[in-house]
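Both complexes below contain subunit A, partnered by subunit B and then by subunit C.
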Partner chain A sequence: MRSSFLSDACCREAPAVALGGVSGAPAGPADALGGLAALAGTFDALGTHAVLGLSLPSPTIFAQYFVFAVLLGGIYGLVALGLTMIFGVMDVINFAHGALMVVAMYAVLVFSDATGLSPFFAIPFAVVLLFVLGVVVYRSTIAPIIDAPQENQLIVTFGVLLILVSGVEMVFGSDPQQLGLDLGSLNIAGVFVPQGQLYALVIALVALAGTWLFLQRTMLGRAIRGTADNRDGAQYVGIDVPRIDALTFGIGAALAGLAGGVIPLFQSFTPALGDQYLINAFVVVVLGGLGSFPGAFVGGLIIGFIQVFGSAYLGGSTYQIVIFMAFILVLLVKPEGLLGGSADE
Partner chain B sequence: MSSALSRAVERYGAFRDEWYALPALVAASLIILAAMPFLRQLALFGVAPLGWLSLNMLIVTLVWATTAQAWNIMSGYTGQFSFGHAAFFGLGAYATIILTSTFAISPWIGMLLGSTLAGLYGLLIGALTFRYDLEGHYFALATLAFAELLRYVFTNVPQLGGASGFFRPLAREYADGPGLAAFQFTGDLPYYYLILGFLTVVTAVSLAINRSQLGYYLFAIREREQAAAAIGVPTYRYKLLAVAVSAFFTAWPGAFWAMYFNTIRPSTVFELLVNVEILLPAIVGGIGTVLGPIVGAFVVIPVGEFVRQSFSIPGLNNAVYGVILIAIVLYSPKGVVSWPSRFVELLRSRTDLLDDDGA
Partner chain C sequence: MGDNPADSVSRRSFVKYSGAAGVTGALAGCSSTGGGDGDDGSDGSDGSDGSDGSDGSDGSDGGDAPDEVIIGSNHPLSGGLSNTGERMDQAVRLAAMLKNEAGGIESLDGAELSVISGDNEGAQELGGEVAQELIDDGASVLTGCYSSPVTSAATRTSESAGVPFVISVSVANSILRETQLNYAYRPQPPADQMAIDHARLLAETVRNAGEEIETAGLFYIDISFGQSIRDALREELPANDIEIVAETAYESGDTADTQVTSLRDADPDAVIATTYRPGTIELVNAMDNQDYQPDYLTGCSNAAMNDVSALEEMGDTVEGGFATNFALDPTSDRAAEVRSRFESEFDSGFDANVAMTYAATEVIIAAIEEAASADPDDINDALGSITVEDHIAAMPPITFADNGENENALAPLFQIQDLEDRVVAPEEFAETDVQF
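Now for the complex of A and B:
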């Protein structure tokens, strides 16, 4: 029942955006990101107190927001993981990260439609596909200009973004799609835990642990960390830096694939959804510290909390203003991030 | 044939090195642009080669040429790569429409106010980012954050229009009717010449900076900021100046946008893609050159608009932009305006080779 409510809300909103509706196209992220607004709406429908203004919430509602914030923060952490890896190792801002996620979302859709299997089987497929796509993108566009000024790489990855998102839009249209999953939610002492997001969080933590182990415990991982520390030095000691770059970009894209793959578990998606995650993922990466994996999750949690509590207490998408102000503040005062200095983690 | 060609090439090579070459080329392009609405109707043997260029496309092209020209002053000349010029564009658009539709004040005053606000916002961004020495990626991300910040401010403050933005009021609601004073016209042609006028002003400013001592200071900052500072260029002050001038003029096409199209919303003027459309012509045409933004706009925008308007495939024009962006950055990072010179060098080296063979 819950998830049907959620998808209803999403479907009603999105066509207005797609048609370029003049009448109040609502700011997307509030609805798109986990359908939190819709979930908050169910509260009113369930007869619990609407949280308005400065009135203190009941402990249950507070716990509910807390759960939402942690779940959303985990997803942001997962989204930022691949971005922070490419940023940290290659010093490239990958604007195409959100677009890669979008490709993964639609890959999951196509795979589960074609095979009739559970979407959980489609996620590994999306990850492998995105790894290959990432290596192709790297070889064709990033590798030739890896030593060019940073702006060039930024522009090129933006070009990749435009091509990928437009490609998806041309094939699937810009109407919202969904898997039609009904995972339901757990009810723990009056606090709802949407299962789709719970699975996503678990997958995010597994991905974090897996990537961390790979980087710490394998020779390749060590080579990647060495390249992140010092590209020239890595070259001198015999590391094939272009190959490491290709691998890093592939892994980064595969992590984008994982992030994009879990999103259909709990929300409907459009080709534009990638942009909304991308911008906040930048914030997460910088908050957490460039290249820092634990930082990505800390940053993700911060953004998750700002977004959930902000949309509950400030209304609309005002929380986004708070997020950008925090972002600018950190950029200015502590650009190495809140967990700064741990760039080689 | 080859001798005639090589003589022409030689003549161009000599012309290119003259001091008046750039002003002459700029003037020639602006004159061609002024004749464009008629050129596009010109038919040769019953076929109009430029017939597919609609007036609307030309107007949109000039809007982005103007923004790129303004962006170029900050990012091309001074090397401070801004990814958030939509902030200035949007401020120009919003100040104009709010004054006009809410207070019935002339859009021209709105445009002036909007560009002043944009300049001040640019100074704020510059003062913060330059003080804290943000560079490269961090600078680009910071400018993007400042632009996105405004987008959500305008989305969430009802007095500023909220997510639904503003409708352009009818001309008679705040003026005597359509005309230059009202910033509204009945046909597209006056709009075309108005935006061409804006482009001419910004291009003239850009050319003047390019040829002045100020320009040399800015180039020095771009090439090596520490060296520039070491020989006594007050880099902080000049970077601020470049941002302010660039922001001020980016607001003009924003104001034009508000008065040319029927509605503006945060999702149209502060959109992530607007940041790219602003700098796209400069990248394609040639960063840091006066002609680049104009040439680049005519390479990119009509193609994109043509694709968008003639095929009903949404997103195809963005894919075309993406391909052009990647191709230019990978294969010709100096832009389209460098092609004639590259051609000259190519032919010269060829003929040198031939001469050597003959000797």
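Now for the complex of A and C:
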């Protein structure tokens, strides 16, 4: 073997108790994962790789997949949040959701390059920018046809998608871009936790909690929920429904901005990336339950686990078949989604 | 929100339109770019402003020599592949320009070459349409198309019209082997040749240096391009005493975290990556995140490993790695001159795809010279029997077998040294020694 490269960090040789080995960062945020990793390392040390003659994956490798599934599921949940909110309140299927994410990705890039500040400062900028963009898009394209059949809004948002993605491509090209961040990974007994994804997960959870609190604890949030419940009834009790719609679309776009803003922390991006996330986000929303925030995260986690373990243990891209089989199964067994209310309510 | 589900009619609508979104996305993925991940396009200008060449182009009457002969260039000038596509189109133009500067087609009394361009957008459904437009506009011979599905469509249209088509860059074996084509030719090494050369040259180079390579893990993009290379590597690596211990498929737009975990679990000596630039960058990012470095990181038909800007972006992780791809002949002074002229003329990079396109146009020009005619059938006859020795690609003289494949196609082995791709094998094209 050649020795010029770094030594193989394959975790089966890693000491089972060596918690907290870090590639450039403290282990604190990942302490919760330490127990799992330590357990995995211990199993590795015992060499429990075969049961009843069957070859099992290394527990450390299994734990690594588990960590990636949780991280990926969190991102999918975040991506689905804005989509489920806009649909839950306005009955508008926002095809432009992925394109809004793309705008946020490039906003983070531009802001970081222009100011020289950390991309973490650029994320709030992207969120605000996308809120404004969302309101503008709503006022200019959705509001005039909000009462038209659903197909009209669908086509309009599809048009917005094309305009935004083409615009980004014309300005920035379609070469993959990345922020050049080197956030490193936490190494917990051979289980690596990329910090970019970890931060993204934390941000996603904060966004979930913040949005939920906003909807539950503020008058505006109650007005949004009231509008989601019954648009006509909301008007009768004095809620300014068009304003609520604009606000909702803005918040949905801001959530798309948040999702798009965190993705560059751990992944290179192109103008096409938003659409690729959007396809799975649709599945997540249906799995979790339309309009359900916790459902978005549960759906995200399901897709994350299927994708990670499917790509690890099934051939090629078979996991995509499994994702859509789960999608169909939920529609057959619990069509309102796992955490959605009954259709009879 | 969560407590207030939308009504069932809306839910059905959502599912319906989600399904439509899925189908739309899937169709888009199937029909575009061959890579789906926007390999390396940039501004997407249409680039369709080729010289008109609308007159005096047929030359098929057997009488006076025509004043000009038209070459049709069918490349992605907009969309995700436009960055490379535009430069490939420019390579066609440069080859014609240099020939014209040298006096034009000698056998046609100095007839000039004109290039007309069509934009296929990297979309399969446009490949044949653009080919037909170019033919209708008077092209005597075509070249293109970069993305394999697009090339497949374009070659079939060209075949129907009886106009020869010399593939600039497209790797899929199926293009020339699915059906017998009598008007299509491919100077570059196809997928199986890439795999043959990669397995052979990598194994020879490593072992000749006294090092070991016994196992490999595959990382491939799960589309026809990646699957073609994977299938060929499944045969060629064992034939060179390299066991495949892991295969990991990558989907465009994903991270490569899971794939790298599978690879480090299998612990191969070499990780062989077959994907586009974004996939390669994700692979390297995931390797860095998991502190994983195989003994040999290699690329088979991996453009990112021959792209200096991508290499700089990926940094030290790829330093010392290997790659197999078609290449500009680094030992040729003329190739260096062409590269320099291209860079000054178009102010853009002259990478392997551009070099191969230039070489394909050299083949076209040689065939026109040989045919002494602008008639497509005459040019086709010349292509069928031609041997082009004076070209800028790092491969022996180009000559075509009955199925249109170059009998001497070669994909040399590069090594990444100081973040530049340097040819290290075979010896006749090596510009430097391999380093360990």
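The definition used in the following text is that the second predicted complex is superposed on the first by the 283 of 345 C-alpha atoms of A that agree within 3 Å, B and C clash if a C-alpha of one lies under 4 Å from a C-alpha of the other, contacts with A are read in each partner's own complex, and residues count from 1 in each chain.
FYI, contacts are C-beta pairs under 8 Å (C-beta built on N, C-alpha and C of every residue); 3 or more make two chains touch, one makes a residue touch a chain.
Model, not experiment: these values are computed from the prediction.
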For this session: After lining both complexes up on subunit A, report clash or fit for subunit B versus subunit C.
Result: clash
Exercise. So, does A:241 touch the first partner subunit B, the second partner subunit C, both, or neither?
Worked result: neither
Exercise. After superposition on the shared chain, which partner residues are touched by A:291: those of subunit B (first), subunit C (second), both, or neither?
Worked result: second
For this session: Report for A:316: first if it touches subunit B alone, second if subunit C alone, otherwise both or neither.
Result: both
Exercise. Taking the superposition as given, does A:123 touch the first partner, subunit B, the second, subunit C, both, or neither?
Worked result: neither
Exercise. After superposition on the shared chain, which partner residues are touched by A:88: those of subunit B (first), subunit C (second), both, or neither?
Worked result: second
Problem set entry | subunit B or subunit C, by number of subunit A residues touched | C
For this session: Based on the superposed arrangement, let me know which partner A:175 touches: subunit B (first), subunit C (second), both, or neither?
Result: second
Exercise. In the superposed arrangement, which partner chain does A:275 touch: subunit B (first), subunit C (second), both, or neither?
Worked result: both
Exercise. Does the superposition put A:150 against subunit B (first), subunit C (second), both, or neither?
Worked result: both
Exercise. Taking the superposition as given, does A:266 touch the first partner, subunit B, the second, subunit C, both, or neither?
Worked result: second
Problem set entry | Clash-bearing segment of subunit B, relative to subunit C, as chosen among 91-99, 163-171 or 235-243 | 163-171
For this session: Return the residues of subunit A at which the contacts from subunit B and from subunit C coincide.
Result: 23, 87, 91, 93, 150, 154, 169-170, 173-174, 271, 275, 279, 282-283, 286, 315-317, 320, 324, 331, 335
For this session: State the interface residues of subunit A toward subunit C in the complex, per the touch definition above.
Result: 1-2, 4-12, 23, 57-58, 61, 64-65, 68, 72, 84-85, 87-89, 91, 93, 95, 150, 154, 169-170, 173-176, 178, 182, 184-185, 187, 192, 194, 197, 215, 224-225, 228-229, 266-268, 270-273, 275-279, 282-283, 285-286, 289-295, 307-308, 311-312, 315-317, 320, 324, 331, 335-337, 339-343, 345
Exercise. Where on subunit C does subunit A make contact in their complex?
Worked result: 1-8, 10-11, 13-15, 17-18, 21-22, 25, 28, 36-44, 79-83, 211-212, 222, 247-249, 251-255, 257-259, 261-262, 264-265, 267, 269, 277-278, 281-282, 285, 288-296, 313, 320, 436
Exercise. How about subunit B: which of its residues touch subunit A in the complex?
Worked result: 81, 83, 128-129, 131-132, 134, 136-138, 140-142, 144-146, 148-149, 152-153, 155-156, 162-165, 167, 263, 265-267, 272, 276, 283, 313-319, 321-326, 329-330, 333
Seminar exercise, completed: Interface with subunit B, subunit A side, in the complex: residues 17, 22-27, 87, 91, 93, 141, 144-145, 148, 150-152, 154-156, 158-163, 165-167, 169-170, 173-174, 271, 275, 279, 282-283, 286, 315-318, 320-321, 324-325, 327-328, 331-333, 335
